[in-house]
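Each of the next two complexes has subunit A plus one more chain, namely subunit B in the first and subunit C in the second.
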Partner chain A sequence: MIAESGHYALVLALGLALIQSIVPLIGARLRDDALMNVARSTALAQLLFVGASFVALVMLHVNSDFSVANVYENSHSMKPLLYKITGVWGNHEGSMLLWVSILALFGGLVAAFGNNLPLSLRAHVLAVQAWIASAFYLFILVTSNPFLRIASPPIEGRDLNPVLQDIGLAVHPPMLYLGYVGFSISFSFAIAALMEGRIDAAWARWVRPWTLVAWIFLTLGIAMGSYWAYYELGWGGWWFWDPVENASLMPWLAGTALLHSALVMEKRNALKVWTILLSILTFSLSLLGTFLVRSGVITSVHAFATDPTRGVFILLILCLFIGGSLSLFAGRATSLKQGGLFAPISREGALVLNNLLLTVACAVVLFGTLYPLAMEMLADFKMSVGAPFYNLTFAPLFTLLLLAVPFGPMLAWKRGDLLGVTQRLLAAGVAGLVVVAIVWAWTRGGSALAPLAIGLGVFVIAGAVTDLVERTGLVRLPFATVLHRTRGLPRSAWGSALAHAGLGVALIGIVCETTWNSEYIATMKQSDVAHVAGYDVKLDGLFQRQGPNYREMIAEFNVSRDGEALSVMTPSKRSFTTRGSSTTEAALLTRGASQLYISLGDANAEGAIAVRIYHKPLVLLIWWGPVLMAFGGVLSLSDRRLRVGAPKPARAKQRLQPAE
Partner chain B sequence: MTLWFVFALMTVAAIFAVLWPLGRSARVQNQGSEVVVYKDQLTEIERDLASGLIAAPEAAAARVEISRRLLAAASSETVSEPTSSLKWRRTAAVLALVGLPLVAIGVYMPLGSPRLQDFPLAQRERGSGSGMARSLENLVVQVEQHLEKNPADGRGWNVLAPVLQRLGRFDDAVRAYRNSLTYNGESPERRSDLGEAISAAAGGVVTAEAKTEFERAHALDADDPKANYFLGLAAEQDGRKDEAATIWRALLAKAPADAPWRPLVQSSLARVGGGTMPALSDETIAASKDMSEGDRGAMVRGMVERLATRLKQNGDDVEGWLRLVRAYLVMGDRDKAVGASSDARQAVAKDGERLRQLNEGLKTLGLDG
Partner chain C sequence: MRRMMAAFVALALLASPAVHAVQPDEIMSDPAKETRARDLSRELRCMVCQNQSIDDSDAPLARDLRLLVRERIAAGDSNSQVLDFLVARYGEFVLLKPRFERQTMLLWLLGPLLLTGGGLALWLQIRRRARSGADLPAPPLTPDEEARLAALMSDETKRS
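So, the complex of A and B:
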């Protein structure tokens, strides 16, 4: 009964979404409040039913009900409870159900907390949300139904892919989906504005927080996924530029641009049309990501061609929404009211530069992702675009962006003074140069670019600090005033400073890890000692252990440095009988921000085992950076005040005023 | 019945969600507008000014800007009278009352299986086998589960191994026989059974590994018929037909008259040309004629399965893949055929030439890529 009720709840949600996509629009046309309010109650009811459906699937997985095909294919009765639950979204059908659940959640949030929106805007937004939802409900029900049954249930399931039986999977996809789907809200707002033919100030007031929420989750989701790949895949790599990763990076780049342009719009009433376009593009890229990951087109274009139902369906959704929204944009954008003006050198101008660089970087990633697919499809020629391509294209763009980051927040709105800002950033620049010199003198090895890149990272962090110092008037003003100004400083200012500093932190981590990591790969026997980056790693022995649904071979290593014992590390290799595959569980030893990383290869008959040991200096900074960025986002989000950007008065007027 | 009752309740709740706002009288709602936002922004400037975040001239400039926008917004804001269109509200109500159940039932009926009960693990372990296929496969899974937890149970391995062998899961059978040897101790029968499983996994070829096992069995018991037969077969496959004939002749000489494997050895002997007996005894011919449809089907399935296993280990063989796909199509299992062809594509994807051959072959089979 759970299975069929969950199935029926999903069907009802489809019915409600269909009503929600039509009735409120008619209401908005007729200015009928009751009809417009249908959007609200149906959105909430939709959330209820999809939520029930999702809970039903979770219960089926927990109960190991193998009469449901999805459970049979992806679960096993002996799997630990946690992985029974996370297995729900560890497969295609379940993860699509999670996708629509989150979509319904966002729709429900707009319905519940959208009281301060103009009624017709809310009706339009929710109707657009319902279009997206209807399309995806249909997709799930027709091509990837998680509730299909098996008449004579098998006694045991086929187990979840062992690589996915990990705590990282418990957190990563929901985060990522909250990010992807969160951008649907700004998309719906953009389409609603285009349909209504006007963007008012309430629009911008709403879009920024929603974009920020999505961006926070996407940032954490990407960081989480990268860390998961780092410790679970056993190669110590944290970013591979593979299409699945790019699929999440592209919406992030576009979303970051959107975040900044939405800010300009809220504060200064400018860049309206561009913000609308970015909203559309960001969500389109999210859809594209869903298509790339979910259609199987990446694994093999040919495999996609043999079972095309899913892929073609998503492609259809993709074309419908992207094509539809862009043509609507082309038709209506000119009729939108243009916003405020600004000089090229101003905060607005800096944010336009930020948008420009981010979108070009995004386009580069898009090209790198789609080009190999196109080649395989058209020329039947398999190729991959990897790090060398991105080092040549993506890296310079981001270098430019990072150079510009400290300048942005310090320029005045409307018209800025570049020279003045440069003077104020002098300290930060000097700090960066000093660090370059120190690193250079200290290492005398590795790439010549590495110290420069670290200097850039320090410059970005010091720039963020300078910004805070300037705003609070530290050093310059008496202490009491500073305290007063610090208290008055909006949390959003702290947030943006932290987020920008996070960029610098991540950059330092990336550079240190790639330039100075040391590795040791060998076959070790018992009591062999490996020397890696000053650590002595001794293999004490190999043990076997029985896990709940796997057998595990554990190697015990004693780690010491200068004769002083530090810790015992136990990497292992797990073999899962049901799927007949195995995973490597790397062991990590964290010292400050650096890590020692051991993963196992195959054992040979004489009891020796292949071992990979890496020392990765400051590697954790790579993920602390994004966490810092997300924390900055949360701070900014917690600041419920309106954002106003006071313009710098024109110069003629300035002369009449006394100096500050 | 309860299921339909639950469905009905859910449908009513969904309909209610649509009808509820339609029934409420239009009351003036506290909704946001441009003017409100600009007024909020003006208070915001005062707050920033008070906390010293912006200087007086900047605050003045901002105030001027926002006031200008506020005026423009206030003048363009049309006080829209909330209308109520009864006709459309009724239409929406009908849509909910009739359309929603229709859509729900129309979509659910072809997809759902309302007659199937839930079948959670707890219920299954209580042993209620209602509707549960107590097939051989399920029993095997149960034994395997038991052995997963108690790998030292020699009797279990002894029972499982021949069943796996019969099911065509030769690799698993090899493992099971090995475990049986470990936990039950040496015996000529187990050694030769293991050898048989290894050669079955190799598609009937008595590999060096299998031969070692038969030799061990032979050393333990020189008269073990299975070991002798396979050692003869190994000799035949190596091209030493005389030696094969000698081994088999000796085997027949010692064999009891009613041994069930006599005809097999006799026909093998005839094949290498060492026998005076007819190639097939009358009984064997009769037996194969009498072979039921099901048995022959099982034989074919076993062969196809072996081919599939071999291809899984070594996927370079384009001809083999095509044979497998054709076999599935003949057996009427189109899903498996499609699955096999996509496996094949993945296996040879790295080699352009082979991929082309494969795609052409699949095209002629009517499985268009």
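So, the complex of A and C:
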């Protein structure tokens, strides 16, 4: 019953989406308020039905109803409850259902909180949302129905891939989807603006909070996934430039550019056409990411060719939406009036530079991901594009970007004074150089690149601090005034400073981890001691334990430093009987921002075991950086000016703020 | 989900009992040569995996390739000789950093071309617009606007 109800709810949601796709547009054409308001109720009802459908699938998984193919293939009665729930989106069908649920959630949010939007804009936005929703409901119902029954139900399920039975996976996909799908809102706003032929600074003000929400989730989602790969896959890597990762990085890069260009549009009424284009591109890249991951085209072109139904369907959706939106853009963009003149050296100019660098970086990743596919199909030339390529091409772009970051927020709008800003950033620059000198002296003989990169990170952080110091008047004004100004400083100023500082923090983590990572690989017997980066790691013994749906072999290590015992670390290897596969559970010891990392290999007949021990200096900064960026985003989101949406003209006077 | 595909492939290939990337018995006795072997390993693709280097991969093939690389280094090959040897055997597919050739030229040049092209176009456009804008004298403020400006300015001085 539950499966059928879930299926039926999904069909009803499709029906509602189809209504929502058409009726509000007719209403907008006829200027009929009632018809336009249909969008609101259908969006909310859609959310209700998709939600019901999603809950149905969760219940099926929790109840271990193996008569449903999706549950049989991805669950097991002995699996812990948490993983029964997260297993819902650990597979293709379930994750697509999560995708549309989040899409409906965003649509519902616009419907519920979009009261300050002009009626026709809201009708258009929700209609475009419904087009996307309809396409994906159809995709699920036609090619990937999660509610299919099995004629003769098996007694036990095949269990979820053990690597995915982890708390990281519980959080990562929903976060990532909230990001991916969240960009659909700015896409819908862009299409609505093109259809209405009207776009102004208020439009940017409505779009920015939604983009920011999506960006925050995407940032956290990517960071979360990276940390999950780091501790779960067992070799301590945290970014692989894998096509699947690139699929999430591309919307992030484009989305970051969009956040910045929307800022210019809101404050200065410039870059309108570009902002619209970026909104379209960002969501198109999200769709492309969904296509790349879901069609299996990256695993191999041939795997795609052998079972092309799903792939071709998503490819059609992709072509329809990207092609359609870009044609609309090409047809209508010229009618949008450009406004807001600015000199090359100005805040706008800096934001344009930011956009240029981020877009080029995004294009490089896009090209690197698709080039091998294209070459194989068109020229029958098999080639690979991997981490060394991206490191080489991406690093220079980001170096330029990071060098420019501290300057951006300090330049004035319209016409900036580069020399003046440079003088004000002198202290930050000196701080960076001092750090370069210290690090270089400390690690004599090493490469010069690492100290320089760390210095750049310090410069970015110090630049963000300088910006706040300048704005609050710290140092040069009396304390009471500083306090007053600190309180008066808009939260978005704190937000952008924190987000920029987060970039520097992440950079320092990345450089330290890659440059000074120490590694110890050996076969250890009981009582053997390994010496890694000043730590003594002694193997105390091996024992077995039975888990809920696995057996594990645990190794116990005593970690000490200079004779002082610190901790006991217990990495393990789990073998999952149902799938006959195993996972490595690494043990982590956190000291400050650095970590000691132990993972196990095979045991041999004499009771010795292959062990890999890493010391990863400041590795946690890699994820603290994005967390800081996301926190900056949240602060910015809580800024009054964003929360209230676009001010109504009559009340605009009260809301005027000092220009930042 | 992001690593899911990779994980699936890796697991599918993983003959149980699982093996680990770079086994203790593979390591060369000369640390300098071992470092070279590790650096080279990071640039070579495990051909049966999804976008993993042989340094990261658990697959038996990756182990064979790691041993092969060490064999060539032990035999006195230079880094580029090792790479040439592997490309001759397995094709360009084995290189994670494609060589600069006719087929890959576009890939390598895209970034620099876009950056310089885009930068140049933007610079010209901004200059042209700034110049055309500078020609137009700013319209004088209306009395209403003057009053608002004055109100704003006094508000501003109160604030700071």
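By definition in this document, the second predicted complex is superposed on the first by the 634 of 660 C-alpha atoms of A that agree within 3 Å, B and C clash if a C-alpha of one lies under 4 Å from a C-alpha of the other, contacts with A are read in each partner's own complex, and residues count from 1 in each chain.
We adopt the following convention: a contact is a pair of C-beta atoms (placed from the backbone, for glycine too) under 8 Å apart; a residue touches a chain by one contact, two chains touch by 3 or more.
The shown structure was predicted, so the numbers you read here are calculated from the model rather than taken from an experiment.
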- Item | First, second, both or neither for A:P388, with subunit B first and subunit C second | second
- Examine A:S575 and indicate which partner it touches, taking first as subunit B and second as subunit C; both and neither are also allowed. second
- Message: Quick one: is A:I276 in contact with subunit B, with subunit C, with both, or with neither? Answer first, second, both or neither.
- Response: neither
- Check the residue A:F49 against both partner chains and state whether it touches subunit B (first), subunit C (second), both, or neither. first
- Query: A:S5 contacts which: subunit B (first), subunit C (second), both, neither?
  - Reply: first
- Query: Regarding the shared-chain residue A:L141, is it in contact with subunit B (first), subunit C (second), both, or neither?
  - Reply: first
- Query: Does subunit B (first) or subunit C (second) touch A:A363, or do both, or does neither?
  - Reply: second
- Task: Considering only touches as defined above, state whether A:L119 meets subunit B (first), subunit C (second), both or neither.
- Result: first
- Message: Looking at A:M629, would you say it contacts subunit B, subunit C, both, or neither? Reply first, second, both or neither.
- Response: neither
- Query: Which subunit A residues are contacted by subunit C in one complex and by subunit B in the other?
  - Reply: 299, 382, 481, 485, 488, 653
- Task: Going by the contact rule at the top, pick out the subunit A residues touching subunit B in the complex.
- Result: 1-5, 7-9, 11-12, 14-16, 18-19, 23, 26-27, 30-35, 37-38, 40-42, 44-45, 48-49, 60, 63-67, 77-78, 115-119, 141, 145, 147-149, 151-156, 200-202, 205, 269, 299-300, 302-303, 305-307, 340, 380, 382, 471, 481, 484-485, 487-490, 577, 641-649, 653-654, 657, 660
- Residue ranges of subunit C touching subunit A (in the complex, touch as defined): 1-9, 11, 14, 16-25, 27, 42-43, 45, 50-53, 56, 91-98, 103-104, 106-108, 110-111, 114-115, 118-119, 122-123, 126-127, 129-130, 133, 148, 152, 155-156, 159-160
- Can you name the residues of subunit B that touch subunit A in the complex? 2-3, 6-7, 10-11, 13-14, 17-18, 20-24, 26, 29-34, 36-38, 40-41, 44-45, 47-48, 50-62, 65-66, 69, 73, 80-85, 88-89, 92, 95-96, 99-100, 103-104, 107-108, 111-114, 116-122, 124, 131-133, 137-138, 141-142, 145, 148, 338, 341-342, 345-346, 349-350, 352, 355, 369
- Note which residues of subunit A are touching subunit C in the complex, please. 89-90, 95, 161-164, 169, 172-173, 176, 222, 225, 228-229, 233-235, 237, 240-245, 247-248, 293, 296, 298-299, 341-344, 349, 352, 356-357, 359-360, 363-364, 367-368, 371, 375, 379, 381-389, 392-393, 396-397, 473, 481, 485, 488, 521-523, 573, 575, 580-582, 584, 599, 601-602, 610, 612, 653, 656, 658
